[in-house]
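Take this structure, written in structure tokens, and hold onto it; I'll ask about it next.
Labels for the chains are A, B, C and D, by order of writing; each one numbers its residues from 1.
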Amino acid sequence: MIEMIDVWKTYPNGTHALRGITVRIKKGEFVYVVGPSGAGKSTFIKLMYREERPTKGQIFVNGINLEALRERRIPYLRRNIGVVFQDFKLLPKLTVHENVAFAMEVVEAPSKQIRQRVKEVLELVKLSHKADVYPDELSGGEQQRVAIARALVNRPSVLLADEPTGNLDPETSWGIMHLLEEINNRGTTVVMATHNREIVNTMRKRVIAIENGEIVRDEQRGEYGYET
Amino acid sequence: MKLRTFRRHLREGVKNIGRNGWMTFASVSAVAVTLFLLGVFLILAMNVNHFMAHVESQVEIKVYLTPDAKPEQVKAVETALRNQSGIKSVVYVSKDQGMEELKKRLGDKAELLEGLEKQNPLQDRFDVKTYDPHQTPQVAEKIRQIPHVDEVQYGKGWVEKFFDFTRMVRNVGLVFIVGLAFTAMFLISNTIKITIFARRREIEIMKLVGATNWFIRWPFFIEGMLLGFLGALLPIAVLWVGYHALLDMVRQDLSLFFLDLLPVTPLMAQVSLLLVVIGMLIGMWGSLISMRRFLKV
Amino acid sequence: MIEMIDVWKTYPNGTHALRGITVRIKKGEFVYVVGPSGAGKSTFIKLMYREERPTKGQIFVNGINLEALRERRIPYLRRNIGVVFQDFKLLPKLTVHENVAFAMEVVEAPSKQIRQRVKEVLELVKLSHKADVYPDELSGGEQQRVAIARALVNRPSVLLADEPTGNLDPETSWGIMHLLEEINNRGTTVVMATHNREIVNTMRKRVIAIENGEIVRDEQRGEYGYET
Amino acid sequence: MKLRTFRRHLREGVKNIGRNGWMTFASVSAVAVTLFLLGVFLILAMNVNHFMAHVESQVEIKVYLTPDAKPEQVKAVETALRNQSGIKSVVYVSKDQGMEELKKRLGDKAELLEGLEKQNPLQDRFDVKTYDPHQTPQVAEKIRQIPHVDEVQYGKGWVEKFFDFTRMVRNVGLVFIVGLAFTAMFLISNTIKITIFARRREIEIMKLVGATNWFIRWPFFIEGMLLGFLGALLPIAVLWVGYHALLDMVRQDLSLFFLDLLPVTPLMAQVSLLLVVIGMLIGMWGSLISMRRFLKV
């Protein structure tokens, strides 16, 4: 369960990224976050795993008040949240396998289990053949899929995906979307920022549209909704 | 922390040495050069100290007896001297021996003393050395009070100045070594800081993926320790070989006769231990403190 | 004019990215490069400005044989080619304005002209209000637009764009596409790798489809052509 | 290169100092600490050298004349000595003055010499100093051949050993200073290498955007020079102030009377110049060579 109450975010350089966001995402929901470039989608998502802190307002994730959360507890919050970063954020000196495994090592999983599960998710994103390669030896789309694999590997209760198909061809994108849907069906809350009209309009889910830092639309089974 | 996690940290720490290839090389060589410098000065300082202690140990007190002292009185003075605390050695020099010494000292002008041998105007004396040469003036003062002691000479004035000098050299040397040690520490931790700064993104990503601070720190910690250790090995080897070679050279070259260098064994072991400890401690410490800022994500 | 004759590319780690590409892109053409993730599109583009060198084969750009080109001449080749990198490659310590200006300083343009032209292209990509901000204070789409602005600023004779709309919403994407079309109309050769089916199918141009390192299709006024 | 491009490079080089804030701080402080170390040792070495030169200048040749030398023959010897090359000063000491000296040297045992004054067995002599004390043995040999010179003394044996010692101290000092200078250069260029390594992506991007190697190098070059310059300023200031304070201290503390330190002015100017030059040269050079690998894009 994710809840934001009148959340404002102004970056240190004075940019007002979010202006009074109030929203409630229930456990197990699948939500698209849409909106023009620079609207505040990524900021909205970054607040949920506390990469950024709101200037004002309250945020609750899985019942935890992020503002009251002690510094030391943040890693434990993040372990319940899988994040696909818009810029991937892969560790450059670790191989694909090691990158994905890292998220499991962090929770001190037994190494046998790690090996098996990492193989599994790399198969899901169709990257088994690239397991021992370093991120800068991957194509853009391959890097993105590693980021997705890492977000999934711990079976988090919340999955935040920031533009997870931006570097993928439509076919691969659909493969990823079906994966996310399946994960969502197993109970994981999914929040996904996207510009992909085709996906939003085909796989109908709740759509939250942000413009200029404000929620301008919030529809169940909504459409992408920006006409050209 | 689970055992397997600790093993994981160890493994990652060691792997990072290889992963950061060039950076590892650069920081290990900075550590090596810095510790080498420190090592050379430690060896130098310890040898200078040794040399000065040797010269200081030459300082002695000449205790002249009254001309009328009888043999048993001389004996009594000797006993008194031997019972005096802080005295290392007592050597009796009769007035005839004293005349011989004086002749030697005058060299080719010794003929001036001819004819004085029969009516030798010198006095019997004891040459006394103290355990701590710096105590010479105090001990001399006490000796003066022993009966039948006529006069006490130890180069008053000159000895104090000489000790002032050695004390100053020691103090300056200590300041230098301590300063150099701090400089070495600063340079090593500074180098490590820069290399970690270059890896701040990685630390931030680890944080964002849910790693606790200690989970991130441990491999860096181990890596830093290893860097320090590797960086200490090379200078230790070079110093060991170099000091051996130096000793050989000094032993063979007669013109360096006056150099009384310390033997290899306790000296180099002490220096090596110090370098390894400094290298490893600063390696670990440098890693830890320089990560702090990047862990706040 | 860009020409490749039987070009092969195998990366040092053994990946065969391109296998015998022969293609001729005439001056003033507009070409989409499509294909699944990891097919070799970016590699194909990287060869043209010599970020990568082919394992085998000949490449000519504007009549220059890239294989015979001396190391010292490479910068001059690149000045005639504007590149939108898939991962943006912005200089992190320069502001948006400085990043775009850098491409002009390199050719030793007068500073007055630089100021004016940079303002102009930043307006074209709708980022005038972010001119004095650093790249890591930008949203993903904003960074992408800075990369586009930098590629355009020198009015290059060839524009290589690798997935230039991957992080942009459809509306902004169309804005950028119209910009590229206009530039193309003025004589600039445009080669654009993309996954955007909507754009390819709407703005009809030549389509080169790469799969597994080989050209499998090359059509004038083609379609994106991968059905889901 | 156009003038405006050069101005641009200058501007960028200066700006980079600020842009790389923390990195600049780390490398400037590494440069500062290293140069400080070098400066301290330079000052120390130059003072030790000065002290030794002072002691060396005390070495003199005692030229004894034959007892039967007449005044005009004494004059002739003096002329011969003054014409001898390499001789700095010639002082005449008559045999009566010689007796006074000997009395002083024997101190409380001077009474031994009583009665010798009338039939003074000493000889008239000249005390001769050379410009280069190390030439003493050679000069003494030549003096020996002058007519009416009976004997020549300059502490043969002892003087050679003393010069062996000072020569060794000078050589060791030189080795140390040169070694330290190279160490400083290594540490500075190493630090700069690491900071540039951390910026390799930027260099690669510049290359990909069409910059020539020299277009990229210039600002780094200027930045490196500035880093070296800034890094030299602090140690120079500290050394200047510190050396002043040291001189004051020595002047006031009587127990340090024997320290005859060099005056501030030429010494500190030389040291400062050397530090600035080393800092700037290594800063530039370090920037240039460490960029090489990253320019190959």
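Brief remarks follow.
Just so it is clear, contacts are C-beta pairs under 8 Å (C-beta built on N, C-alpha and C of every residue); 3 or more make two chains touch, one makes a residue touch a chain.
Just so it is clear, the structure is predicted and the values come from calculations on it, not from any experiment.
Contacts with chain B and chain D are shared by no chain at all.
Centroid distances from chain D, each centroid being the mean of CA atoms, peak for A. Each chain gets a centre from the mean of its Cα atoms; for chain A and chain C, those two points are 28 Å apart.
With centres set at the average Cα position, the gap from chain B to chain C is 67 Å.
Centres computed as Cα averages put chain C at a distance of 62 Å from chain D. Within chain D, contacts with two or more other chains are made by no residue at all. Residue positions of chain A in touch with at least two other chains are not found. If touching chains are joined by edges, the resulting network of the protein chains shown is one closed cycle, each chain touching exactly two neighbours. By the definition of touch given earlier, these chain pairs are in contact: A-B, A-C, B-D, C-D. Every residue of chain D that touches chain B in the complex is listed here, in rising order: 22-23, 26-27, 29-30, 33-34, 36-37, 40, 102, 109, 111-113, 116, 121-122, 161, 164-165, 168, 176, 179-180, 183, 186-187, 190-191, 193-195, 197-198, 255-259. Contact residues of chain A toward chain B in the complex are 49, 51, 71-72, 75-76, 78-79, 83, 85, 89-93, 102-103, 105-108, 110-111, 150, 154. Residues of chain A that touch chain C in their complex: 11, 13, 15, 34-38, 41-42, 86-87, 133, 137-142, 145, 162-163, 166-174, 195, 197-198, 224, 226, 228.
Residues 1-2, 4-5, 8, 16, 19-20, 202, 205-213, 215, 296-297 of chain D touch chain C in their complex.
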